[in-house]
Every structure is written in C-alpha cells, then in structure tokens.
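Chains: A, B, C and D, in written order; residue numbering restarts at 1 for each.
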Amino acid sequence: SMESPFLENAKEDTAGGNASFKIGFSISTLNNPFFVTLSEGAKANAQEKGAEISIVDAQDDASKQASDVEDLIQQGVDMILINPVDSSAVGSAVESANAAGIPVITVDRSTEGGEVVSHIASDNVAGGVLAGEYLLELAGEGAKVAMLEGTAGSSAARDRGEGFLKAVDGKVDLVSSLTANFDRGEGLTVMENMLQANPEIQAVFAQNDEMALGALEAIEASGKDITVIGFDATDDAVAKVEEGKMAATVAQKPEEIGKAAIETAVAYLNGETVEEFVPVDLELVK
Amino acid sequence: MIQMSGITKAFSGNVVLDNVQFELANGEIHALMGENGAGKSTMMKILSGIYSKDAGEIKVDGQAVQFKTPKDAEKLGIIVIHQELNMLPDLTVAQNLFLGKELTYGKTGILKNRQMEKEASELLSKLGLDINPRTRTGDLSVGKQQIIEIAKAIASDAKYIVMDEPTAALTDREIETLFKTIHELKAKGISFVYISHRMEEIFAICDRITILRDGQYVGVRNIPETNFDEIVAMMVGRELGERFPERNCAIGDTKLEVRNLAVNGLFQDISFKVRKGEVLGVAGLMGAGRTEVAQTIFGYRKANKGEIFIDGQKVSVKSPIDAMKHGIGFVTEDRKTEGLVLDFSIKDNIALANLEKCSSSGIVKPEKENVMVAKYIEDLKIRTSGPNQSAKSLSGGNQQKVVIAKWLGTEPEILILDEPTRGVDIGAKKEIYQIINQLAQAGVAILMISSELPEVIGMADRVIVMQEGNLTGEVNKDNMTQEVIMQYATGGEKVVQL
Amino acid sequence: MSNYKSKELVSKLGPLFGLILLIIIVSILNPSFLSIANIFNVLRQVSISAIIAFGMTFVILTGGIDLSVGSTLALTGAIAASLLSSGMDPFLTMGIALIIGLILGTINGVIITKGKVAPFIATLATMTIYRGLTLVYTDGRPISDLGDHYSFQLFGKGYFLGFPVPVVTMVIAFIVLYFILQKTTFGRRVYAVGGNEEAAKLSGINADRVKIAVYAITGLLASLAALILTSRLNSAQPTAGESYELDAIAAVVLGGTSLNGGKGWIFGTLIGALIIGVLNNGMNLIGVSSFWQQVVKGIVILIAVLMDRKKTA
Amino acid sequence: MSNYKSKELVSKLGPLFGLILLIIIVSILNPSFLSIANIFNVLRQVSISAIIAFGMTFVILTGGIDLSVGSTLALTGAIAASLLSSGMDPFLTMGIALIIGLILGTINGVIITKGKVAPFIATLATMTIYRGLTLVYTDGRPISDLGDHYSFQLFGKGYFLGFPVPVVTMVIAFIVLYFILQKTTFGRRVYAVGGNEEAAKLSGINADRVKIAVYAITGLLASLAALILTSRLNSAQPTAGESYELDAIAAVVLGGTSLNGGKGWIFGTLIGALIIGVLNNGMNLIGVSSFWQQVVKGIVILIAVLMDRKKTA
C-alpha cells in the first residue's frame, strides 16, 4: 500500500479484529480553525475505533460539496458524514447518498432534504443567543453595542447574527453592524473604523473569534474598555478570556462534535440504534 | 574589417541562408541588395548576435568571433539599426538615445539625467535636428524617430553600422541629412552596411554592393563599375524591362469628389476629384497628413468638416463599413499593424474583408473562399506554399500582395493605396504596378499615396501635393517633374494648375 | 482556424495527451475512477465549469478577460430561484434568467468598448457589483423552496437517454459554440479582433460589436451554468460561483488558447476543463488531503502549461 | 518619466483630484473622518495594501501581473510567526521572512521568463501552491504566542516621531521605490521592458533579468506587508491576504498605470491605494451595510477609471 506524506487515508493496522469501516467526511471548509479542529476530533476518534476516514474539503462551495459527496460515493465508503456548507443546498447530495444506499449523518448543520441517520450539532442560532444574553448581562440594557459580521451570505454569519439579535433586540442600542469577513485583519480595521464613528461603543459581539481577536487589538490600541464576546472558543480566544482581555467566547466544542459523529457512525455500522439528534452542548467560556 | 563566410541558417528546416559570404572593409559603405525574403535582414541579425548561425564563420579584423547576444557584437563596435522601428514611444528622446547604456554615477546605477539630456541635445543639433531631448519620442514623426535611432547608433561609438532600410520612412530632406552624416562618419573610418530597395540611393552613396538571391550569394560589384540593369538582373535572375509598365486606358467621369474635408489639427480644406480609370497620385513629405485624409475618406476617422461625393451623389461615410458599401477599398500603409492578421492564413486574411461574399446567412462557405483565394494567389503571383500558409511567414512583398488581394476581393470602384510598395523589392513592385494598371483599365478610380517620387511620376495620371495638412498644388502629366512636386511639397507658392 | 497542418494539429492535441496521462495515473492509483458511474460523476461535475469556460474562451480569443462570471452566476441563480419559488413557470423562469445573464454580460461589453476600460478592471468592478447585488437581492440568505417543478429538477439531476442532463447540456453547448467559432462569419470576426483589432476594423469589422457580443455570450453561459447549479442543489446560494473565474481561465489556458487573443480553440477548453475536473475528482478518490490538494493542483496546472510551451517552442 | 509637460502632469494628477473629491464627500457625510486619529487610522490600514501595490506597480509596468501576492503574504507571515514563537530573535526572523518573500517572488519570475508561461497563469498556479503550503505549514490554524518581542510589536503597533510605524515604513518604501523607478538604470529598464520588450532586448537589456527582479521585489514587499500584519495582529492567519491581489491591482490601475505595461508611476499607486482605503474606511464610518459596500466599491472604481479614460481620450 502507498505511504505518502499527503495521504491521510493510510489504513490503520487494526489487529483487534474489529471490521474496518470506511467513513467519508465531507467538510464545509478547512480554511477555518473551527472545522480543522472538528475534523481532527473525527480523525483521532476514527483511529481509535479502527475506522478508515476520508476527508474532503468543500472550500465553502455548495456545488463542490455536491461533487465531493459523489466522489465519496465512488470511493465506496460505508458511511458519509456531511458537514453542510448550506442546509438548503446539501439536500441533493444527501439524496444521492440515499440512492446509493449509503447512510448519512449530518454534522454541525442540518439538511433540508434527504434521509439522515442522525444529526450531530450544537446550534449556531443558540450560540448567538447565548452570546447575546451574556453581553446583555455584562453591558446592561440600553448599552451601545456593535457587531462584527462574518462573510456576507455564509450560513454561520446568518445564524449567529440571528441568534444574537434575537437575544438583544430592543434591549441594547446596536450602533454599528459591519462585515469583517471572519478575518482577523479585517476585524482589526473595521473595529478601528467603528470606534472612529462611534467612540461610545461599550460592547462588541464578533461572529467568530478571529474577528474578535482583531477587534481586541484595535480596542487595546485605543485604550478603551470594551466588552468583547467572540464565538468558536479557539485556543487563542480562550487564552484571551483567561487573561481577562476578552469577556467570553461561545464554545461549540468542535472536537466533541467530531468525536460524537464518529461514535454515532461506528455504532450505527455495528448495527446499534442511534439517536436521531445528538446534541453537543454549547458552553460559554468566560 | 568584417568577413563573413559560409554563413548558413535555417528556420525549422527552411534554409534561408545557404553558404553566404560578405565582406565589409574599413571605411566603406557596402550595399546589400536582394528581393524580399532574400535573407538580408537575417544575415545582419546573425552579424549582430540576434540569431545564431547554423554554419559559417565571422571574423572581425581577422579574429574569429562568436556572438551570443547583441551585447557581444556591440562590444566590438557592431551596431544594427533594424528594419522595424525600435523606439520606445513613451520614453523621452534622451532616454531612448541612452537606453541600455545610461550614464550613471559610477557603478551605483543612479542616472545622470541632466548630463544625458545635455549630450543628447548636442548630438541632435550635430545631426541638424531641432528636437528637445525631453520630448516624448512617440510624439515625433516616424521619420524623426528613425533619425533618432540612427543617432543612437552613432552615439554608441560604433565602428560598423548596419542600416536595414533606414530611409523607408524618411523625407528627402531627412535623407539628405542622413547621407551627409554617413559621409562624415565614413571619413572618420566608420564602415556601413546599407540595405535598401531604392536603387537611386545605392548609386548615390555606396562603394560596393553584394547581392543575394533566395538565400544564396550571387556576387559583389564595385559601384562605379556596374549599372542598374546588371544589378537588377543579378537580383531577379532575369531582365526586368521597363520599371513602370505602360498603361493605356480611357479616363471616364468623376467617380469620387472630396470637398473642403478637414480634421481639426491634422488637415484642412482638402478638395479634389478622381475619375474612373484614373490614377491620382498624392505626394508630400512624411507627415503631410495624406494617410489621415485617406483614413477620413474611408470612415476610420471622423471629419470635422467637408463633404464626399460618389458618382455625383453626396454620401455619408461614418465607418469603414459604410465606405465599403460605397465601393471604397483601402490598402493601408503599414501591412503588419493595419493590413494583416499575422496569425491568420493567407486565405483567412483575404476573406476578412469579404466575409459577406464568402458566406450565406452568417455561415462561412469554404468553397466560395477557396475559389476567391485561389484566383488572387494566381492573379497576383503570391509566392506561397498554399492558401493555408500563415501571413506571418511570408516575405514583405508577398504580404503586401495579400493586403492588395483582400481589397481586390471586394471589387472596389474606388481604391485608395497608401504607400503600396513600401519595403517591397523591385520585382514585386513591378507586379504591383501591373495590378494597378489592370484596375485602372477596368475603370477603378485610384488614389495612390506614395513618398517615392519616381513611382508617383511613373504611375500617376495626375498628382496632388500636400504640405502640413494643406493641399498645396496639383500637377498634370505634362509638367510632372520631381522639382515641381518637391516645390509644392516643401512649401513653394500656392499655384493650382488645372 | 478552419484548417490545420498536421504539425499544428499535434501541437493542438497536446492538452488531450495531458488529460489521458492524468487519467492513466489516477486510474492506477484508484481503479474505481474508470467506473461508468464515476465517469458520469466527473462529467456532471465538469459541466458547470466547462460551460463557463466556453464563454471565457470567446472573451479570451478577443484578447479580453471576464472576472465577473462567478458573480453573474450567483445573481442569475438567485433571481431564477426566487422566481421559481414565487411560483413562476420553470421555462419562463429559465428564459428570464438567461436574458438577465445576457444583459449582465452586455453591460460588461459596453463598459469595455464604449467606456474604453481594460477588461480586467471593468469586470473586476462588475464582479464586486454583481456580487453585492446578489447579497442585497437575497438578503444574504440562500433561496430554497423552489417548489416541485419536475422539468426544472430534471435540468440538473435528470437523465436523458441514459446520460446526465447537465452533461447533455454541456455537449450541446459545446457543439453549438464550436460551430459558431469555426464555421460562421461571427467566429471568424472573433479571431480577427483578437489577432489584430486595427486590421479587423480597417477590414470593415465592427470590433466593438464583436466584443460586446462575446461578453454577452459569456454572461448567457454563466446564467445557463447557474440554472444547472440551482437545479442540482435545489437552492441558490448568495456565495455561489466564487473564484469560478479562475478555474475557467485556467481551463481555457490549459486548452492552449493564448491570453493575448487570436489563437486557440474551444475543443482545447473542453479538455482543459476535464483536466481540472479529473484532477479534483481524482485527488478526492485517492484521498489527497485538502491542504495538499491545492499544492498538487497548482503544480499540475504549471506542468501542463510548461509542457505545452516546450512543445511549441 | 522624469519630465512632464504640464498637460501630462494634469492628466497624471487626475487620480489625486478623485481622492480629494472622495475625501470631501466622506467628510461631509461624517465629519469625524478628518480627525487626526482617523487619518492615522486610514493610513495605518492602507500601509499594508499600499506596500503590496507598490510591488504590483513594478510588475504591471513590465506588462506582467502577480496574483500570488496574497498567498506569499500568508506563507511568509506564517513562517515569521512560527520562528518568533520558537524564540528566534525578531530581527533575524524578519530578515528570514523577507528573504523567503524574495525567493517566492523569484520563483514566479523564473517560471514566467524561463518557462515562458503567461504571468497571469503562472502566478495563478503559485497563488494556489503558496496558499496550500501555508495551510500545510500551519495545519490550517493561526499561529499566535509570538512571545513578547517589543521590537517586533513596534513594527505594527508602535509610533515613530508621533507617526504610526507602519505608515513610516510605507513612506520609506515609497521613497526608495520611487527613487529606484525614476532615477536608476534599473527603473529605466523596467519601463523599457514594459514599453517594448523587443526593442529593450535589442538595446542590450536583459529583459528576463529585469522581469525576475520585479517579481522578486514584489515577493519581498509582500513579505514586508506580512510582517506588519503579523505584528499588528500579534498572530499569523493561514487565510491572510486572500484577494489582496485584486485590491492591489485596482490601486495600481486607479493610479493611472496601464495594464499593458510601460506607462505609469508609483505615486499614482499610492493615491490609488488611498482611494480604496478612504472608501473602505468611509463606508464603515457612514455605516453602509456590508452588502451595499461591495456595490458602492465596484461603482466607485468604475467611475474613477472612466473619468481617467475620458480625460486622456
């Protein structure tokens, strides 16, 4: 068999006798630490369970994801895990897997079409609510608040924003809401500009930690004291929370999600019954 | 002293130079002649290190040398002024003059702009040119750019200067200045290779002449001991006969009339008539605005004033498409930039202006194309391996014939020819003249712009002359001499003879 | 154009040999590549990018470039989806989407010719504008609930005589466009404008009109691709088509068409699109990790282009 | 270049008038735009994109293009961050990062000149390759924990004589590059190669060497930008610099440099980068929604380029 530095499917030696399953995992993007961690959680757990895992990256493109799933079907995998780029667009890919008789588990985002064995997730909207409620608690009613939005049109940006607004709507003064494309550098510059236009901002919700960390740089440079809440609980962000520089970050525990996905998959393939919805707890790291 | 011997060169199997020899003595002016595609430019590109030779030897002052780049040749004082203009239009004159050998502060690479401008000024005035060295080169006339290219060669301390058709774009006065300069430099021991299709110039300034034919060496002659007919026979391999073939045809009614045509800043108040079967020559110095007049008649430029009549009817020509609908054809001045799609085959080029004819309901009919193209390849004696040969790989004369064929295909009733024989060899020239005659005999009204006075006098029934955007005179067959035309062209008194 | 000497033909078929070589390598590494199902897979995946690349071929042949194809795809897809979900007849919807694609392309062409703006910068601007309009139009949300239009679903997911409909659409588009480019006066004009615009104009060709037409065709084809994509996904994404322009340009160049215009053919583009499709599919089948996929893809494009250069040099 | 007639100068200053107009509009809509703090803001934000655009100016002047600048930034930033976090001396780290940027640029230049690959396609391939390598190198994660290097932090966040250090760096880079372009033989050669490569070669200029050098300079400047960005963020992102090439190209073209090469100047690029920077900052200050920001940005670029065309036509 081939050993190459860039092949990650190298079969684990499973002398244990456990029938080696082949699991395909179509992930929405690996250009984001959250999903990198999620995929690694899955990979590590698969290794432990002696399953072979093949990960394909849709690069946040719904049509590439459809192609990727077709490619996984061609690989003849026993199970397909899908982390949808978009819930509405992934349906046809799930249906093709259904048609090929391959069971599907959705991860982190659900599908609006096709049959799935199970759905493993922590909800982005709920995470937004969690952040919003905590922000309200810290900054108080009527506080001047800003939001840093993720890439326009992406589902994470939509859902987190929706949850946040649900929690704070009418209770705080949202003075500015602008996109920084989930990017730390843009988080910095957009925050600088926001502070210029609205120096009285008291709290910021960033739809991911990258933007939150960028905003933090701008805030530190301005010498102001502003509450920052992020999302994803990346290592960097958790460290900032521990230092007391960031107020909180919403932890979706990507590693847990990845691990739960594999556990559910292996259980199903072993003929066990699995839950239709496996929730992975959200947690506010503060 | 340069000796080239046994020079052989092939481009992808196609031998273009076969065991050719050439010698350039110190302080001589040596002409290199031959038909289009004989291999003159290739020979000189080998001498200057642009092309590598397949076989043969080059000796400079008796020492065998190998040139890998133009720099190697330049180190031994060999400079080439190439056939195509090699000026950078967006750089100033001074910057162009010193390009590649800028004056700098030591080895720092920091430019001495002031000093370069000063030296450029001196050099230009020595050549009798009143040009500010800070002028953008592209704003100068083609002739002036050519002279600057020559000045650049002189400035580089050359011992051997190769000039590949330097006068193709020069006015007579500029040519005079050029010749004076060449003589001065010759007196200082500098040698010249002089390539030209203009026989008059060869006899005026050269000491010796080497002749090539089809990539082969034919012979070398001392100028005082030879004559026009011998050289033509060596070049063409046969007697050429009369240079300007006779034409006998009845001149009919007025076909095209232009009244008070003007384009702001380029020319004004241009009025003339051309009749059926008539060849109207348009003479003038380079930059007189003749090309612009032709472009305006053809709808490629917008007129600010004036009217155009065809067969007595006023017509509106807003684009080349309109002009073609009115039966006008336009053989443009520069075949490479305006005449041909170089990557196209001969066939596709000829069909380009005739797409309507070669198609039905928008679909090209190859049969129609093939018939048309075969006819013109035959009629115009285009030397080619077939209609699918690319235009790029043809010699200049044959390229020119393709452009003419393209327009003959449209069966024009009015044909404008702008410098139809520029850069074309003497044999091909005569063939083009014969085509012009046939067209006139068929009743086509012809407007022939040309900077070669012998050609204008030899071919035109009547000549109008332009100077700096004005029509300064009209000359009939009876008093058509170079002197009269030059007088109008350079600003003699404004007399209109009818 | 219409005729090639044998030497030229061999050089033109270079990309085809590259494709075959790639197929051989992938098949050895994973024999399931050659199954009928997977071949249909690859073709279905390629159909969208190939259709866009066909349009790009026209534009590049005139010496231009169109960076806005991905945004055009997103905008026309969103409009089609919203019309469908509002209950409009699928055929009428498709007609409207195609016309809007044509108009968006025409706008590009007019800015470039009448505004005399370099194609790169003009379409860079419209790329941003069309994307922004898509976001405004969709409010940044995907449009789903397209209703249950069998005929529209067929367009992306169905089969025709045993072949996937998108593949059939691609093949028909290829044949029509090949014919236009090689056999019509318009095609000849496209090559002429790219080969030497000055000479083309002086031969009585309305170069501006030809250029506007090629951008319009490209817009039309981008909206055709949008319809296939929307049907396949049963939804329109506001972020659809991002960076599709780069894959399309790569396909055109891999197919041997010169970025300077005037030289190339659309068959090469089909091959180029297939090379990229086989590469993406093959790397997934072999299981190349996604980070390395980008590296491998870049290197394969480079090698393919370099091999082509060496041969013609 | 070094001498202009007044008419030419006016046309060259066109972009400057555009910038002033934009500043007036933004200041009216939000007067706080003109505060010193915000002007420093804009300049600091512009510094990174301007430095990249300076390099792009050299490349475009030779008639080329470099799509890989964003990926070069990401890769060199990641390497610098990992070296710093491993405890390497900040000055040594910065030197190494700059050298790697130079090497990555040189690779582009060599592929383009020796491989005879069109710059667009060569740098499209390396854009993918360098990005992939960044992801492989960082494992797709940001690199933080850069340690507490005061001198390195100064580079992005500090002040020098009251001015932000990135702005000072940008100004120094501008002056040096302006001097190189206008006052040295190398600069003259850059213009000559872009104006007419054939003629430049016949004048004994080693065009290949000039081209390799401009891509190397661009790589070097991209890594300089990477250092500023890494210092400002105190971390390196694997996704940093995505689509920076488009902003850089837009800045160069807005500044009046022709994409055909041979014509333009680096002062214009500075103005172009400022136009884009003021636009981004202004839209944030005014609070234009992120969907409309894209539309506005595209339209402003288009208007600016069209105004420039009209004037010179």
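What we mean here is this: a residue touches a chain if its C-beta (ideal position, glycine included) is under 8 Å from a C-beta of that chain, and two chains touch if they have at least 3 such contacts.
A quick map from chain label to UniProt name: B = Sugar ABC transporter ATP-binding protein; C, D = Ribose ABC transporter permease.
No experiment lies behind these values; they were computed from the predicted model shown.
Could you let me know which interface, A-C or B-D, is made of more C-beta pairs in contact?
Top pair by contacting C-beta pairs is A-C.
Could you grab the centroid distance between chain B and chain C? Build each centroid from C-alpha atoms only and quote it in angstrom.
44
Once you find the CA centre of chain A and the CA centre of chain C, what distance in Å lies between them?
Their C-alpha centroids are separated by 32 Å.
Give the residues of chain A that touch two or more other chains, as numbers and ranges in rising order.
30, 152
Mark out which residues of chain C touch at least two other chains, giving numbers and ranges.
Correct list: 135, 140, 290-293, 296.
Could you tell me which residues belong to chain B and also touch two or more other chains?
Within chain B, no residue contacts more than one other chain.
Each pair of chains that touch: what are they?
Touching chain pairs, listed by label, are A-C, A-D, B-C, B-D, C-D.
Where on chain A is chain D touching in the complex?
So the residues of chain A in touch with chain D come to 30-33, 36, 149, 152, 176, 178-179, 183-185, 188-190, 192-194, 196-197, 210, 213-214, 217, 221, 234-236, 239.
Looking at the complex, which residues from chain D come into contact with chain C?
111, 115-118, 120-122, 124-129, 131-133, 135-136, 139-140, 246, 249-250, 253, 258-259, 290-299, 301-302, 305-306, 309, 313
In the complex, go through chain C and note every residue touching chain B.
Residues 1-3, 5, 183-189, 191-192, 195-196, 198-206, 262-263.
Provide the residue numbers of chain B that touch chain D in the complex, in ascending order.
On the chain B side, the touching residues are 50, 69-71, 74, 80, 82, 86-92, 95, 99-102, 104, 108-111, 113, 134.
Please output the residues of chain B touching chain C within their complex, sorted ascending.
Residues in contact with chain C: 298, 300, 319-321, 323-324, 330, 332, 337-345, 347-348, 351-353, 355-356, 359, 362-364, 366, 388, 406.
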